[in-house]
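Before I ask anything, let me first share the structure, which is written out below as structure tokens.
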């Protein structure tokens, strides 16, 4: 039986592209096997490590994963929890038990005191069923309701760029802007400083999203953020206090 | 089909068709991916004078609830011809022809999509023909497949579509308007190029079995040329991504 | 009720005279106009304002006049808000009503007497030209109104009559003359939005999502006001309206230079 790789590292592939042939190879990411051949299933970048042929997707809506930190928007209040839009084909549920550390008397408590419709929150995905029902937690630090600031949406496939290697890019953003920046794996980004600073940071992030391939990006980002330095300093980000205790 | 008011005297003159093409020549094809920012995936396609815009939204929550499948996505398609796309102004809104084509397109794309990866969702394909000059359903399918890939939806393969027919006793690829109106037969087909599985097939007119088989052969060969244009459109949109290797420190 | 985070952000920004994309309060996003991109239309335009993209096509046909205007041609403006253009056009209450879009653009053209409909008569009481303006948004990213209005006037200015066979009393839809529509005036629309007391021009997608109210004002050259429409659940003061009318002329004159 033939064993051959038909692609190379960092090649762009489209759905149906033949990547490799042979049972020893392992498909990963958006690659799949059909009999003894491995194909790409989405438009993506090939990454070959040993016998693992991986396709990193370059497009696609956010598909929830356990452990992902996400930013979501509350869209519904139920009897014992909230429905949260995480900008995904799938909505997420936050149960009251995962929203607060203290005891909550469902009979006496106004749920909207914790999270109201339209509120943004920072949380983590704790479980996903086979039919992709998603459960969140927002109970422990740093998860919380997000107050003030600006929230923007970027393509989830660009999130690694915005964070950067070992957080280098996001640290550049925070340091040079005097803003707090939190990136959700689902493509939502929260920025907190003053409105003008938040606007500039948002522009910088959009630049990363659209021009990440061009060189000198970090310098351009720093130049963009220079404008902020001359403005007023932000209020220090307040330590979020949960209603009802802690 | 065939003869009638306004029919030109000949459809083929000196071996050439009325738009200058040879029998086995397709019209110029231009494809661009990612043209509609709001959409999850999109494609603008020009096949000769036929112009199509296709967008894909999804996967997203399947609504209304009764169409939702617990184990897979459902795919829907809405094909419309803009009022100004035809010589006589068309009344906006769906009609029987656009309903039929909408269903055909959805069925032609479904086999290529890994629907089971997206339970309880729907994938909506919207197609607007902005200029109609025959071959609209084939152009629509070809554009929709690019839009689906542009949306990052997992697929086994693209879908490629083309038609061929018979004009004045000659078999020809990709009939344009006059030929479609006054020719003898038209056969649109859609294929997943990798495995050459047929996902759409229609035929209308008068053909002998031999003629039909010849047409199938012509189409089977030519769809791969169209596939190359689809692939190129996608790669050129994303090729910028290639150079983003190490994130600068 | 919760405080809307994004609205607060926008509100704070505009109250300081700036916007997310660094525009001034009364600046348009980049406007691009493509003339006659459509082969089968009598006249057409593709207009982009920022990310908003609208296609407008003019088609003409011959038909019976309305009984109360037996010697005048007919103008009909229609808008199709296909879900192709926005995730908001599919389910739930539409953010923008296609009927309102059509009617507001229509009013600007009709009331300004942009087209001299008396020149569209073929045979009084029996046959007049009907001018159809069809608006198809391709990407709805804020301020469809102005994009559609610009598209409409550009399409009309560049529209030619199809051939009319007098003997057979039939329109030859595939053949065009070189005769242009009788256009007398150039109406252009300026749409303003308001968030918490600050008013600005040409709302983007995000600004439209949180705005309290909007107002569209159509002006023609020579200082004529042709149409106005306020939308949204918020309010404007009398002074604001007067100020905006002046602004609309200023802005309208600039837009007219583009069309």
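Lettered A, B and C in written order, each chain numbered from 1.
Going forward, a residue touches a chain if its C-beta (ideal position, glycine included) is under 8 Å from a C-beta of that chain, and two chains touch if they have at least 3 such contacts.
Remember, it's a predicted structure, so these values are computed and weren't measured experimentally.
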Highest-count interface - the chain pair sharing the most C-beta contacts: A-B
Farthest chain (mean CA position) relative to chain C: A
CA centroid of chain A to CA centroid of chain B, Å: 35
Approximate Å spacing (C-alpha centroids) for the pair chain B, chain C: 32
CA centroid of chain A to CA centroid of chain C, Å: 38
Interface hub residues of chain B, defined as touching at least two other chains: 60
Chain C-facing residues of chain A, complex: 74, 112, 116-120, 146-151, 195-196, 198-199, 202-203
In the complex, chain C residues that touch chain A: 1-6, 8-9, 12-13, 16, 18-22
Chain A residues within the chain B interface of the complex: 10-12, 14-16, 18, 30, 32, 34, 39, 41-43, 45, 57-61, 89-91, 130-132, 157, 160-161, 164-165, 168-169, 212-213, 217-218
Complex interface listing, chain B residues touching chain C: 36-39, 49, 51, 53, 55, 57, 60, 63, 78, 80, 82-89, 92, 124, 126-128, 130-133
Residues of chain B touching chain A in the complex: 40-41, 58-61, 70-71, 112, 114, 118-121, 149-158, 192-194, 231, 234-235, 238-249
